[in-house]
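Next up: the structures, one after another.
Heads up, the next two complexes both have subunit A, just with different partners, subunit B and then subunit C.
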Partner chain A sequence: MIEVKNITKKFGNKKILKGLSFTAKKGEITCLIGINGAGKTTALNAIMNLTPLTSGEILIDGKKLTKESYQTIAFIPDTIAMLSQMTIRQAMHFMKDFYTTWNQERANELLNFFQLTETQKIATLSKGNTAKINLMLGLALDVDYLLMDEPFSGIDIFSREQITSVFTSHLIEDRGVLITTHEISDIEHLIDKVILIDDGIVVKDFNAEDMREQEEKSILDVMREVYVK
Partner chain B sequence: MKNYLKLVSFELSRFIKIYIALIVVTTVSQFAGVFSQSRNYAATVNQTLQQESFSLNDYFVSYPPLTFINVTVSGWFIIPIIFSAAALVFYSFFIWYRDWFGKNAFIYRLLMLPTNRINLFFSKLTAILLMVLGLVATQLILIPLESALFNQLLPDYLRYNLSTQTIISSSEYLSVLFPDSFIQFLIYYGLGSLVLIVLFTIILFERSFHLKGIVFGGLFGAGTFILMLSPFIIQTKLSPYYLYPIENFAIELFLGIVISIFSIWVSHYLLNKKITV
Partner chain C sequence: MNIQFNKRDPIYLQVVQYFKQEMAIAHLKPGQEIPSRRDLANQLKINPNTAQKAYKEMENSGLIYTEGNLPSRITEDNHVLKNIRKELIDEATDHFIAAIKPIHVPLDELVDLVTEKYTQASKDKEDLHD
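Entry: the complex of A and B
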């Protein structure tokens, strides 16, 4: 389980996170929702130790993040974390070189599914295909937790559909997924847990299924209640 | 260790095209310099002999014969060396900033590698040092080859034959690149490495604290500079030759090692606790 405990983060005089706390369990898709500037990306960066916290604590399966943790948790940022001059094959070699959890079979499976070829250069890919490669580089790691920052941001509907279908496949099964997105409609039916954040704190968190069954409200309905006042 | 070596190889591969271009430019320019200098010299001698009705013996009473040292002070020879050095100085900054800026933020990947983050520091440092030594070694190979071409282009009576060692020790620039003694080599290249280590720490201060980081980095750089000069500053107050040269060397060596270790420790701390993507 990923445990984010009362984390705060200041950029200069501006407080971005003001005591954010939530958990994301293995085997569940947890969605972090908030308007721009709410602190979603900062929270993911903090989990991966890509930005220092002012205070608070983050635990992965009860332990603080170490270099070994990067073999059990992967982050897919909203921009591809690979050199654009590389071909897809070179990018995969790079991952294979450094990660013992790299699963080449799964990478090939994803490449086939996305209908991309190894010889293509990352720089020449469309935005949608770049997002798919970014996703492939994260998903092909045999990790317990996957963090995804806006995986649908600015990409065409067909690419979004392909990426969404990944969420229902065995590629995600049994893993803990923590995702931030604006395109909630694409994955609403897949989300297990929702965490609504605003101005650096959690304003509401709930189980999406329970909300649908008990209160007959969609995630969008709850978002309207919380954000549209 | 394995990841460090992989990162070094990766860093070298990222600069290899520009690096080869630098070697090619240096080689072509210096050989062109040998060719042009020797041809111009032969033409000048012929012209002077014809115009002044000198004999060759008379000519060499008034003018010295050409040596390879004359070639080494020409722009053809020096400019590519300065250009290569400037390129490596520029790349010492770029090797970090290229990972943050540009179309893709590769720094995400580097910082998330399952290895000690200080390996990023050491791999970039090693890559720059290897590139410097590689260029120096290339120059060392080029000098005897260029000297051989020089000897081929000019007849015996128009030139002095010089050994590679004499050529190097007679040139202001080359004697810095190839010091006379191993101790001097350690001093020059050790100081270069120290400057690079401190520079990397300053860059990491900036990458961690941005505007404030420039101030912190500036103070850190100034502090290390003053500390390195402190034995000499103190001696100017006491007496200019208060310490023997060997004592000065020992103190500077000690300070250099202490500053390097401290700078690496600060970089390790910044990379693990303060760096931000």
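Entry: the complex of A and C
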């Protein structure tokens, strides 16, 4: 389980996170939802220790973040981190050199699934295909937790469908996924847990199926209650 | 397998409802093997935890059964199967009556209308198959 406990973050005088707390469990898809600037990406960066916190703590499986934590957790940013002149094959070699958890078999399977070939240069890929490669590079790591920052933004509907079907396959199963989005409709059926963030704090936190069952509300209904005032 | 999910009802109940319908019209036959929870999740594009919940619900209500480690199967209990059909028909009829009642339509007119439209709908369906 990823436990985010009362974290705060200031950039200069501007408070971005104002005491954010939530958890994300293994075997579940947890979705951080919030409008632009709510603090979603900063929260993910904080979990990956990419940005120092002003206060609060983050635990992964009960332990504080260390260098070794990165063997159990992977971050898929919203833009690809590979050099554009690399081919897909070179990008995979790069990952293999840096991560002991790299699983080439799974990488090949994903390439196949997305119908991409490893001789293609990253610079020549369409936006949708770049997103798929970005996702592939993260998913091919044998880690327990995956953080994904806006995997659907700016991608055509068929690519989005292809990406969502990865979520229901063995490529994700049993792992913990923490995903940020402001586009809920594509993944509404997939999410276990929803965390609504506004202005650096959690405003609501619920299980999607329980919400439908007990209050007969869709995720969007709840979002409307929370965000539209 | 294809379900158009609505966003307000629990997904797992929508899956159960779909299975009931398929069983009532014998698209899913007694004793027939059903997909694993992972396959079902993948086919319907839903969360595997939700697929699991749907199967648990169906298992509890006797719609499906599992022996040891074998794949789950549709029940062979005729009593259960008959009940499903009755339940679905009752549910749909109650729904219809609840919607039409406030309009105070005389029963004769209603029966005629239902007969006419139902025949037409069945005919349209046949044409579609040709």
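Heads up, the rule we're going with is that the second predicted complex is superposed on the first by the 229 of 229 C-alpha atoms of A that agree within 3 Å, B and C clash if a C-alpha of one lies under 4 Å from a C-alpha of the other, contacts with A are read in each partner's own complex, and residues count from 1 in each chain.
Heads up, the rule we're going with is that contacts are C-beta pairs under 8 Å (C-beta built on N, C-alpha and C of every residue); 3 or more make two chains touch, one makes a residue touch a chain.
Here the structure is a predicted model, which means the values were calculated and not measured.
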With both complexes overlaid on chain A, does A:192 touch subunit B (first), subunit C (second), both or neither?
second
Where does A:217 make contact in the superposed view: on subunit B (first), on subunit C (second), on both, or on neither?
second
Given the touch rule stated above, what does A:87 touch, subunit B (first), subunit C (second), both, or neither?
neither
A:99 in the overlay: touching subunit B, subunit C, both, or neither? Say first, second, both or neither.
first
Where does A:52 make contact in the superposed view: on subunit B (first), on subunit C (second), on both, or on neither?
first
Pick one for A:170: touches subunit B only (first), subunit C only (second), both, or neither.
second
Does the superposition put A:108 against subunit B (first), subunit C (second), both, or neither?
neither
Quick one: is A:23 in contact with subunit B, with subunit C, with both, or with neither? Answer first, second, both or neither.
neither
For subunit A, what residues appear in both contact lists, the one with subunit B and the one with subunit C?
none
Touching residues of subunit B toward subunit A in the complex: what are they?
3, 6, 10, 14, 102-106, 108-109, 111-117, 208, 272-277
Show me the residue ranges of subunit A that touch subunit B in the complex, using the header's touch definition.
45, 48-52, 67-71, 74-75, 77, 79-84, 94, 97-100, 122-123
Please output the residues of subunit A touching subunit C within their complex, sorted ascending.
27-29, 164-165, 167-170, 173, 188-192, 209, 212-213, 216-221
Of subunit C, residues touching subunit A in the complex
5, 7-13, 38, 41-42, 44-50, 53
